[in-house]
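Once you've had a glance at the structure underneath, I'll fire off some questions.
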Amino acid sequence: MKNGRKIDLALEAKEFFEDHPEKKSTLPGVLVEEETLFGLPLTRVKILDGQGEDALGKPKGTYLTLDLPDLPRDREEILNAARAVAAMLEELPDLPQEGLVLVTGLGNRQVTPDAIGPRTTDRLLVTRHLVKSLPEQFSDLRPVAALAAGVTGTTGMESGEVIAALVKKLKPVCLIAVDALAARRQERVCRTIQAADTGIVPGSGVGNARMALNKENLGIPVIALGIPTVVDAGTLCMDLMEESGQEFDPSAFRTEGAEWFVTPRNIDSQVDVLSRILGLGISTALHVDFSVENVERLTT
Amino acid sequence: MKNGRKIDLALEAKEFFEDHPEKKSTLPGVLVEEETLFGLPLTRVKILDGQGEDALGKPKGTYLTLDLPDLPRDREEILNAARAVAAMLEELPDLPQEGLVLVTGLGNRQVTPDAIGPRTTDRLLVTRHLVKSLPEQFSDLRPVAALAAGVTGTTGMESGEVIAALVKKLKPVCLIAVDALAARRQERVCRTIQAADTGIVPGSGVGNARMALNKENLGIPVIALGIPTVVDAGTLCMDLMEESGQEFDPSAFRTEGAEWFVTPRNIDSQVDVLSRILGLGISTALHVDFSVENVERLTT
Amino acid sequence: MKNGRKIDLALEAKEFFEDHPEKKSTLPGVLVEEETLFGLPLTRVKILDGQGEDALGKPKGTYLTLDLPDLPRDREEILNAARAVAAMLEELPDLPQEGLVLVTGLGNRQVTPDAIGPRTTDRLLVTRHLVKSLPEQFSDLRPVAALAAGVTGTTGMESGEVIAALVKKLKPVCLIAVDALAARRQERVCRTIQAADTGIVPGSGVGNARMALNKENLGIPVIALGIPTVVDAGTLCMDLMEESGQEFDPSAFRTEGAEWFVTPRNIDSQVDVLSRILGLGISTALHVDFSVENVERLTT
Amino acid sequence: MKNGRKIDLALEAKEFFEDHPEKKSTLPGVLVEEETLFGLPLTRVKILDGQGEDALGKPKGTYLTLDLPDLPRDREEILNAARAVAAMLEELPDLPQEGLVLVTGLGNRQVTPDAIGPRTTDRLLVTRHLVKSLPEQFSDLRPVAALAAGVTGTTGMESGEVIAALVKKLKPVCLIAVDALAARRQERVCRTIQAADTGIVPGSGVGNARMALNKENLGIPVIALGIPTVVDAGTLCMDLMEESGQEFDPSAFRTEGAEWFVTPRNIDSQVDVLSRILGLGISTALHVDFSVENVERLTT
């Protein structure tokens, strides 16, 4: 996560149509749908072809955004949100029905708002070692492996390098990369779950050398799953100005706010709940024979 | 800590004179001095009498503010800042030369920017139990006790109630209360250490019932030691506007930002360093026979 | 918790009758019963009068021991164990039906096997502040307060001193003290929950001055709730010898093992589950209008 | 770390000569030396050739064991121990003078006595990313990368698989693997630092498939650095029996103790200090232009 620089395609696609509602049904090569998944609003933007790519300036693919009206608190609400996450992932055409899946948590475990990726990997139903060591007993189980790739400042490696090495070694059929995002609007922080099958650029890269995690670089489909946990300080300010009906010129804002987090006071407990939802949701999507309750039992 | 509501006397007194430099030498009943302590800038405001109280709208007492140009990183810089904290405390007339001192850490240990009080208590040279159980061996040692008083939401008690109960039981000669503060200016966050001998109001109190920790309520001198670790979102916004030369009307800002923290990205490591400085500084001030290096050795 | 020294009345009473089954129905002034609570085996020993006190060498009171055949993993198993803990507490004659209850977690939060007390206080439904600040809205709610009293080495105070001060100030009708215990048998570690209405001696006291938390000292009933989390090294050794049919002389064992923990490899997750059970159980016992599911919802 | 199964060559070699002092100067192909490094006793066993391999049943290589008479507490003692660790590493012929070094921390970060490897990686002076992105400014700096490889139960991968993938990708000239060990003698726990240039077998492998980290498997020299943090329960028992002069038959001990840790009560703080020593020592050995004080400044 790096304020204001994270590529954040799913939310951007959603916001484009919020700002231009008239285009929803007219843009060629773009399909926009709204529905509800387990009672939660979902926005689906599909860019179908080159025409759609030109119209939105984004690569072909499926971009999903799930809204959480409130932070799930109750166990039943948590399981419900996890079911919706599982359904989001299952509808992405790039998630294969079988074969080894590698899940990576991006971001810095030591910095709470950035820890959502690593903490999600802690909560997965990981199975590759079982399938490998006892293939007969676990023949029905899909192999899943997971690694929090660390941050460059403490590993000396880009996340992309670590992942690329593992992809080459393990030959998974798909990578799921989980990361914390920076939101442009305060109201989205910890209230939006995004998925896209177009990959992700880890936020903590070194200068220009940051390597995208995508099919082009890794040779396998990359599903990005993210939740905004901070809002850019400049953005927050603009929001507050706008609400108060005052004039402002965003370009005048300096970048000093960029090293600052604007984050909810209770971010620790929010990250805890959201990691649990993502862990349950991913595991349920990957282990199709298991209900979310099964997964919960096996990962507590 | 509660954004925008923490009584923050030392810094306010300092800022008054930054905004009204012409009054520095003219306000009756007020003494303002600037010097350096171990190379760090110190502002000392003394309100000497009723005239001074009227002029500044604050109670009689000594208000000290130490500036840290940068976060101390190097061990030598940390020890140096601790020496300055010890010197600040030692010059407060309300810190008795001997007798039991109770130190309390206010704030929520689970919320990083609010944890500076509890984490400081973890780093103190606590001695009351030694003096009490082996009085002959430790006859030269000053008794010191410490407790993180918790937050009302998890204890069901105000910090002030817990402290008042302990003060009644232990009969210390002085209370030192350590807390995280909210700054009005981004540049002060984690860069200012404040001390005053006029007490403190715990930020996490319940409605109007919040009980001040001061001599009036507790019957003993109360020294408040604080470091701002967050900035109010509205304030941050005003700062950014001002820098960009734009007009703004602060009254228009809504209070929604109040439950949000604006905090440095690396707040975890900053709180760690600052708690270490406060713990070393308080312990060195209380155990006058010990150098800061002695204290460091005994508390690592 | 201090290996081998914790007064551990409930378990001792239970073990006495395991070693002397013939006495179960014959000891005058002692009532021994075995039943199941929510499917879990419960041993109830009541010492009814002076005759019983002489026979067992323990004070009059009720001693309950609940066995957990396995560590509850599943949420339903956790809720079930919590229901049994609530039922244990509710049957103790010393738990008043209404009025403020203070819960204290004894032990060292920084040392995993000793952290069960403090972590239980984190998981309680604490209400005193609500009842106090909004008495009309919360007139039906029982006031509950909680504090982890810390350990002498870091507070300079005995737990008993902190608790006594709070009892004097808050005037609760009852104290519930939660602590980690040392077991004499490996098989009991993390598999036994004990309750007694005869008080407790905090394990981490200073020399001989350790103050018992009981009715005599505090003036209110004290319910002790404990779970063994370590086994004494000497005890473990004797168990292993016995199993292998070898001779041994326990008195020959030196005390060097006393500063060592023998603890299950996954003690972190076991302490986590057990604290959750105790927190849910205590809260359900105190808030009689709430089911364990209600409590779970409000404390997650 | 897995009780009783960790290959623990350096200590074994040392203990062989403690048990057979007469062989010290007579075994062909084996060189045994004792000296002190920065005041700390060092045992050096070199197996020089096939004769030595046959005599000791271990592969050719250098095995070093450093004794810490007490846990270093004082900063100066910590730096001194780190200097000794650096000197140990520097004398191993397999540590190249220049080129990228990969350091891996083995073991489970969530289980305190097993966390010494991961926590050591947190404390390294990692530089590969600096050298790579700004080669001109950092031309004198040796590139160092680090990763805690996780444990199979949470990653689905053996540590060896993760490391092998990274070695293939990064092509380091050497791997340093840091791990917690199980000691056979209580007195060695947290008091011995071992280094050998013959590789290591991660303790948490899956069944028989555990892959050794050594030159044969990885194609580069592997230096193992380890500290025992637990003692096997059966071993502890034998030690206690022996001290009390009783007979015992070790073969009679069952394996139930194997899932139990016997560990010092204050293991948390001991692991903290020891990780700091290893981190400083490794970094000082790798960055030969830096003193241990330089490294301390850059990694605090």
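For clarity, chains are labelled A, B, C and D in written order, and residue numbers in each chain start from 1.
To be clear about the criterion, a residue touches a chain if its C-beta (ideal position, glycine included) is under 8 Å from a C-beta of that chain, and two chains touch if they have at least 3 such contacts.
Only a predicted model underlies this, so the values are computations on that prediction, with no experimental measurement involved.
*Asks:* Using the contact definition stated above, find the chains touching both chain A and chain B.
*Replies:* Chains in contact with chain A as well as chain B: C, D.
*Asks:* Taking each chain's centre as the mean of its Cα atoms, which chain lies farthest from chain D?
*Replies:* Comparing chain centres, B lies farthest from chain D.
*Asks:* Provide the C-alpha centroid distance between chain C and chain D, rounded to the nearest whole angstrom.
*Replies:* 40
*Asks:* Taking each chain's centre as its mean C-alpha position, how far apart are chain B and chain C in Å?
*Replies:* 38
*Asks:* Calculate how many whole Å lie between the centre of chain A and the centre of chain C, each centre taken as the average of the chain's C-alpha atoms.
*Replies:* 43
*Asks:* Chain D: which residues touch two or more other chains?
*Replies:* As it turns out, chain D has no residue touching two or more other chains.
*Asks:* Which bits of chain C are touching chain A when the two form their complex?
*Replies:* For chain C paired with chain A, touching residues are 73-75, 296-297, 300.
*Asks:* Can you name the residues of chain B that touch chain A in the complex?
*Replies:* These residues of chain B touch chain A: 110-112, 186, 233-234, 236-237, 240-241, 243-249, 252-254, 256-257, 259-268.
*Asks:* Flag every residue of chain B that touches chain C in the complex, lowest number first.
*Replies:* 121-122, 126-129, 132-133, 143-148, 150, 152-158, 161-162, 164-166, 168-170, 206-207, 209
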